[in-house]
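Shared between the two complexes below is chain A, which pairs with chain B and chain C, respectively.
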Partner chain A sequence: MAREKKLARKTIRTFVREGAAILLILTIALVWVIILSLLLSKTPAKTLGYFFLGPLQNTYYFGNMLNGSIPLIFGGLGVSLAMRSGNFNLGGEGQIYSGALVTTLCAISLAPLGIVGAFLALVLGALVAGALAGVSGFLRMQWNTSELITSFLLSNAVVLVVNHLISGPFLDPSTSLMATRKIPEAFRLPLLLPPSNLSMALPIAILAVVVVQLYLYKTKSGYELRMTGLNPFFAKYGGIDTRRYMVLPMVLSGALYGLGGGLAIYGTYYASIKEFSSGMGWNGLAVALIAKSKPTAVIPAALFFAYIEAGARSAMLHSDVTFEIAAIVQSIVFFLISSEVLLNLFTKRGKQ
Partner chain B sequence: MQFTIPILHSAVTIMTPLLLASMGGLFTELTGMLNIALEGLLLMGAFSSVICSHYTGSMVVGTLLGIACTMGLSAILAVVTLNLKSNVFITGLAVNLLSAGLTVVLCFSLFGNKGVVVFDNIPSLPLLGTPSLARIPILGDIFIGHSAFVYLSWLLLGICYYTLYGTPFGFRFRATGLHQEALSALGLSPNRYKFFAFLISGFTCGLGGAMLTLNLGAFVPNITAGKGWIALVIIFLGNKKPLGLLLAALVFGLADAFSNYAQGALQVPSDFILALPYLLTLLAMVGSSIYAKKKGAIES
Partner chain C sequence: MELAVEMLAITKTYPENNIRANEAVDLQLRKGEILCLAGENGAGKTTLMKVLYGMESQDSGTISIHGRKESITSPLVAKGLGIGMVHQHFMLVEEFTVAQNVLLGIEPVRFGISYDQKKANALVNEVIARHHFSLEAGTLVKDLTVGQKQQVEIVKMLYRDADILILDEPTAVLTEQEIEALFTTLRQLANHGKSLILITHKLHEIKAISDRVAVMRQGRMVGIYETTRMDERNISALMMGKTISLEIAHAEKPQKSLPVIVFDKVTVVRRGQERPLLNNLSFTAYSGEILGFAGVGGNGLGVVEAVLGGFIPTVGGRILHHESEITNMNTAQLRKQGLAYVPSDRLRIGSAAKATVEENIMVNASHMFTRQGFIDKKKSASFTERLLASYKAKATAQMPINTLSGGNIQKVILAREIEQYQDYIVFSEPTWGLDVASSQFVYEQMAELRDKGAAVILISSNLDEILTVADRIIVLYHGYRVASFAGKEARNLSKEEIGEYMLGIRRQGTLHG
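Showing the complex of A and B:
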């Protein structure tokens, strides 16, 4: 018993230390918001006020911020699953975008089927996105081609093809927007916090976190996936079919991205708008890195990123900076988040 | 067949930034680091050199300052990666994200514009070549009459080859990637060579980026459009050898030049043409890994 208690205390201590290190990194990133505002804005106080408090000032902005975190949760989960198995999925941009387009088109043509059609359209979107990521997994399994590079290249090409499909064959001529036709009214998710965009997709995202958590820690397949990621040789000699875990996690990862894209259509956009998902894939990756691939940590990490984006948007609307300062802040996070020196800053040396 | 000569001529222009970026990337690759920051470094080079040319009124000074800015960014990348012991892949992503964001933010605060910024005071790049050389049939048409960047890239390729294969400095570089411990055993610091490699990447990407914008006399957001990634693939396809880089860069230059031509002549959607470099790169990656696997199977 005493030993167990000691172990529990040790786990808590590591948790606090890791958390402190990550908080430090996020604080450094936020300090850069202040520096950038002082350098770039003529009214820095106003800019900072809108950046930090804008997303929290009323239910409209707050709801929109929460809504912005939904695709990041899906993306973060997707990348986490892949990383846990030792794979890297860099194709989030293409997967989320193609998943969204497939879901939109299927939803329009499956409208007569009602709720079954809505469900099918989501599944089809996730499948296409999953297959897209699966290609990279397959290439790695078959010929050891780096999935990191192939998933990125494939995604870049797919984004361009989807752009073409949206602005060409599937363009809705009745609007001036570069977008497809809208999905049927009956398929749209109810709003949770009007007048904001926040939709029922949020509980679905939280459900997805629970499912991924249970899969990773409570199923045989999840165990095998984690083992393969921790030590592929150990896993292989332990009798795990490691080749399978080069493909399956990539497919799941892509499918989660695709689902995120599909739900963004059902909950927020109602049509595939050209480049609507631009940046979501990369942010999903950042979220997974901050969360250190832990599904439960994906939610706070996604909220942090959504907060930065919402803050930048609010500062852009009310002050004189552009939205892209969010990208700079995010890049600072990327710079520091994998640093062993910073992450171990609070651990005592020589004591394990 | 009249169109082949202009295509070849523009292929030589198009391949130059790719060749330059891949040369810098070769050094980081040889020290055992996958440098995905090439894209961001190129973009930073493109932006800073055109801005500096605009404000100093001289393309030479502007290019030099642009190179200095890009080397500064690569030095940050090196310090964070080596001294703070970060994952080079993730810090590389950070550089790409930072360049994409910073260039737009600075464009907006300097010119109040997030789109294309045209600089009227930047003249078009002078094209070099003596008439007597240009009169050589075919070869003269293809290789003469380019900007200084093109010839500079060839010169640098020679220097790169000599450095890597003819100097102790180059041997140590290659040793860093092959067997880091051997270097440490000699009392040399592997991290020092890695640091140099990042600086060299910054230098060549600064130069390559400068060519992109000075050619246009304008800055376009995301003007690099994946060129840094293609440079990375060129390193793999070129089998991590300087002359291989030249060949692989030429292949991409040709593909790009041809697709530019096809866009005008054939009725292919422009998005598909833009997607072509990525798909070709993908095919090349798969092809080279199949080859590597077959070769490995024979050897073992």
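Showing the complex of A and C:
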């Protein structure tokens, strides 16, 4: 018992220490927002007000901010899962985009099936995106090619293919938008905070976090995946089929991205619009890095990213700064966290 | 007597696990002496030296270097004070030359920018010559033997004018010949006025090299003694707190010997290399005996381990487990066949450093706790606790395994493998870096397995170990089986005799059995 108490105390201590480090990093990032506003804005006070409070000022902005975090949660989860197994999935852009397109097209043609059709369309979108990422895993298993490179290259090509499909064969001629036809009304997810865009996709995203967390820590497959990521030699020695964990985590990772894309269609866009998901894949990667590949940490990391973006958008609309301020702040946070310098300040000099 | 180092009342607690690694430890190092720092695993030797070298900061206590109080806050400060350390795991860039490694960070520069290779090699060759090392400044480090790599580490210190040298278990990876050469070097250095501290727990080495021996036990300094006044038995007694002897009973007569593992003319070749790593190796491991493989590093011991463990493919021959062929199966398949295996590389292969003890223990047994894909945490936790208790490992299930001492990590691995063994088990270098008590524990486990009827295969470059434990001995040289000894012959074998086979000076005519 005493031992468990000690362990619990230790866990709390690390938790507090990590919390303090994150807080410091956020403070530094926010100080930079202030500095940038003072430098770039003629009305810094107004800019800052809109930046920090804009996303919170009414349900419309607040809901949109939460909605913006949904694809980030899926992307962050996808990347985390791959990284936990020692794989790098850089193909999020193509996976999310192709998943969205496949879901859209399937949803349109499966409309008569009702809810079953909606579910099937989502699964098919996730499967296609998962297969896309799985190709990179398979290539690595067979010929030891770097999945980091192949997933990136493949994704770039797929983005172009999807662009072509949206603006060519599947273009909806009845609108002036570069977009496919819309999915059936019945497939659209209910809104949670009208008039904002926030939809039922948010609880689904949170459910996905829980599922991934359970998978990693409670199942045999998740255990084997983590061991392969921690030390592949050890995993192989212990009798784990490490070849499987070159492919499976990539497939799951791609599928999560694809699911994120499909739900963005069901909840927000209702049609595949050209380039609608541009940047979501990369932001998902950043979220996973900030979350240190911990599924539960993906939610706050995604919320933070979404908050910064919403703040910058609000400041851009109501004041005189450009949207790039968001990218600057995000990259500062990204650098500080992934460099680990500040994180280590709070963990004492340990054994080397 | 002039003191090079004086450490007074050093106390150090690791906050992560609340372990008091050093408690009010005093240590005096005289100028020009060789001091052995001895103690069991986890006695606090390495921690004390890390404090001296600035890698850890002490909670309290003072350090004086050449009579002056110093605050050593980092290895950089330590180097500035003339302190150098050779770690157990070498810190060398394999792709660099000897000279580049020695001069890393202080390279001679031409025209203000370019690396002056000629000058670098000359500078380093000069140091090498002065101390009679068998090195050449222009060689790539990856082409050196382990013993030579260690010499590079020592040259690195000497080049930086270190006069207080710390060596952490310097002989752990060396052959008998290399150890002899190292000791000659160390003796010369001491004669030149350098002061040396060797961390070790090999008793005969303490006797062979040291002027004085400092013994630590459970974080405290037991005392510092003139080596000439001590014998191996009473040093061991001080380390343990009790006297023990490193002996196990040999199998009198194998009860019923069945062939368990059969190698039939197994050949292993590395791609692009002409000389086979293993050449037509045939042997049979029987139940109820410990079969020992002896050899100098690089002569095939590691290859036998890798083949048995399913890590490298064979190009010729067959391997049988009982009657069924297991040639070129991967590790997962071999595990299903009953492979249990304690690897020589405990950190890279035998464990996942950042995973918990429990996660490390269940790697070959996770199916036992799995129901419909989910792991029953209660079951796996109680399984882990039971193993930790019965192997007396000082650890809890949820600690990351890299917070354990080397001996305790090995206990976790032993527990895991012995628990899963079915009829054969491979031990490769099972006592590397372990203290006497832990080694004895390992030997007892092996003997117990043997007595229960297991076929135990012991692969070891430690001659004492082979001679102590093995019932039958096979000697490998250049990938060939050059000698084998069984029964009485094996028991009465002298170190010198087996050494001649290991070095290729002699080989037996008939190589069957």
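By our rule, the second predicted complex is superposed on the first by the 348 of 352 C-alpha atoms of A that agree within 3 Å, B and C clash if a C-alpha of one lies under 4 Å from a C-alpha of the other, contacts with A are read in each partner's own complex, and residues count from 1 in each chain.
Simple rule for what comes next: a contact is a pair of C-beta atoms (placed from the backbone, for glycine too) under 8 Å apart; a residue touches a chain by one contact, two chains touch by 3 or more.
Small disclaimer: the values here were computed from a predicted structure and weren't measured.
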Superposed partners chain B and chain C on chain A - clash or fit: clash
Which of chain B and chain C A:Arg226 touches, first, second, both or neither: second
Partner chain(s) touched by A:Asn163 [first = chain B, second = chain C, both, neither]: first
Contact breadth on chain A, by residue count: chain C or chain B: B
A:Leu153 touches, of chain B and chain C: first, second, both or neither? first
Partner chain in contact with A:Ala235 - chain B first, chain C second, else both or neither: second
Stretch of chain B, among 58-66, 148-156 or 184-192, that runs into chain C once the two complexes are superposed: 184-192
Overlap of the chain B and chain C footprints on chain A, listed as residue numbers: none
Touch list for chain A against partner chain B, complex: 36, 40, 88, 139, 143-146, 148-150, 152-154, 156-158, 160-161, 163-164, 167-168, 282, 285, 289, 321-322, 324-328, 330-342
Complex contacts: residues of chain C adjacent to chain A: 14-18, 50, 55-57, 309, 311, 330-332, 335-336, 341, 343, 348-355, 359, 362-364, 366-367, 370, 373-375, 377, 396, 398, 403
Touch list for chain A against partner chain C, complex: 3, 6-7, 10, 218-221, 223-224, 226-227, 230-231, 233-241, 348-352
For the chain B and chain A complex, residues of the former touching the latter: 76, 80, 83-87, 89-91, 93-95, 97-98, 100-102, 104-105, 108-109, 114, 226, 229, 232-233, 269, 271-272, 274-275, 278-279, 281-282, 285-286, 289-290, 292-293
